[in-house]
Amino acid sequence: MSISVLVQHEDFSMADEYAQLSRDSSCGAVVTFCGLVRELSISKLHSMTLEHYPGMTEQALLAIAEQAQQRWQLGAVRIIHRIGTLTPNEQIVFVGVASAHRAAAFEAAQFVMDYLKTQAPFWKKEHSSQGQHWVAAKTTDQQAARRWE
Amino acid sequence: MSISVLVQHEDFSMADEYAQLSRDSSCGAVVTFCGLVRELSISKLHSMTLEHYPGMTEQALLAIAEQAQQRWQLGAVRIIHRIGTLTPNEQIVFVGVASAHRAAAFEAAQFVMDYLKTQAPFWKKEHSSQGQHWVAAKTTDQQAARRWE
Amino acid sequence: MIKVLFFAALRERLNTAALELDSSSFEHDASAAAVLQHLQSRSADWQQELSRQDLLCAVNQKLCSLQTKVGPGDELAFFPPVTGG
Amino acid sequence: MIKVLFFAALRERLNTAALELDSSSFEHDASAAAVLQHLQSRSADWQQELSRQDLLCAVNQKLCSLQTKVGPGDELAFFPPVTGG
């Protein structure tokens, strides 16, 4: 079982991440999630700044990956989250899970995203044509995380 | 909304598929599933042959993608399934979904795989050190598909 | 004519991929079950192979029940549970 | 010393990223709530910002409740609900 988490300014390559995840010859299922910076509905987004809590963030992501590993039989879990300034269409977050079974891979990837959204110390600030403002947390994310309790 | 399905002998490129799916600037979430040929636990797998029902298979995949589109708000659904002879570690199937919301992307990708597993006319034959045999359908796949009814 | 196709293990066991039946030998509103019954009567082997509980049926390339009506020009297919993905 | 950190909107509103408190001014088994109360008493602004219902607290880089005990050398952090991903 391989777990790895990264918090970085640099972009990541989906192709490289997938190649790494699909290497384990006992895992027939690879699920990936990618989150990207998207346009806003009410104003023009110029950029987004991602703040984090250095030290705690890495620990939180690692703890989430370890919980996933305890709940499901997984071959690999990989989490990458970017910080700093990102512009529309840029990649923000990658979660990849390899497993022998697709149900485990799908559920673990969802679990990781739901917990990351509610427990990993990242904060987004949007810079748009209407000025800058901190993104508000969504109750739907809290609800999504609660289903795993 | 873009739907596309392919049934082909040729391999596919996860990188190309992801690049295509992540293009839609209104979709912040991209979920992919890849199924790969894996080793057998009891014997050495030499290869696997995938038979299909030409014509019906494409229609079945399209119908599954369309049902997903009706159930969730999606930007794109892409399904690729290979046929013919595949060797260990080769890619078999790709399902990619882009959506504005991650829950929709995750659920739609799972739905597509669950229905593909139980409704799309493909049959696997394994060629191993113990001879050749047709893979048996799994009741867990039937159960997985039933949860969407 | 009614076209009948077999796939995978069933195709191998029957040693038949496709055959054409004269639709005039069936009633006007015959069902897939009637065609199946006709095929089962061909031999003890066919009887056995085509009586499996898990046999799936498609009419004109759509999964359906054996109650589905079939007629001239229709394409029927029988096959084991699918195992793709 | 007890180290206290603020993040994101809270950091901006308090205009403070970090501060250090003399741990001797707290009881031996003081909780994060006691530290929070001390910080709230600094001004009306701090009182308001640090009384939000959705305020999260981490002790030594782990999310925890305000009942968690803190002491010399500990790192406390207060921040708004997280919005990564």
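The first chain written gets the first letter, and so on, giving A, B, C and D; residue counts start at 1 in each chain.
Here is the rule we use: a contact is a pair of C-beta atoms (placed from the backbone, for glycine too) under 8 Å apart; a residue touches a chain by one contact, two chains touch by 3 or more.
Just so you know, these numbers come straight off a predicted model, no measurement behind them.
Graph distance from subunit B to subunit D, where chains that touch are one step apart, equals 2. Between subunit A and subunit D, the centres computed from C-alpha atoms are 26 Å apart.
Averaged Cα coordinates give subunit A a centre that lies 23 Å from the centre of subunit B.
With centres taken as mean Cα positions, subunit C sits 48 Å from subunit A. Subunit B has residues 35, 102, 113 in contact with two or more other chains.
In subunit C, 85 are the positions where the chain touches two or more neighbouring chains simultaneously. You'll find the chains touch as A-B, A-D, B-C.
Within the complex formed with subunit A, the residues of subunit B that make contact are 13-15, 18, 22, 25-39, 88-89, 91, 100, 102-103, 105-106, 109-110, 113, 140, 144. Residues 5, 7-9, 54, 58, 61-63, 77, 79-85 of subunit D touch subunit A in their complex.
For subunit B in complex with subunit C, the touching residues are 35, 50-53, 55-56, 59-60, 81, 92-93, 113, 116-125, 134-137.
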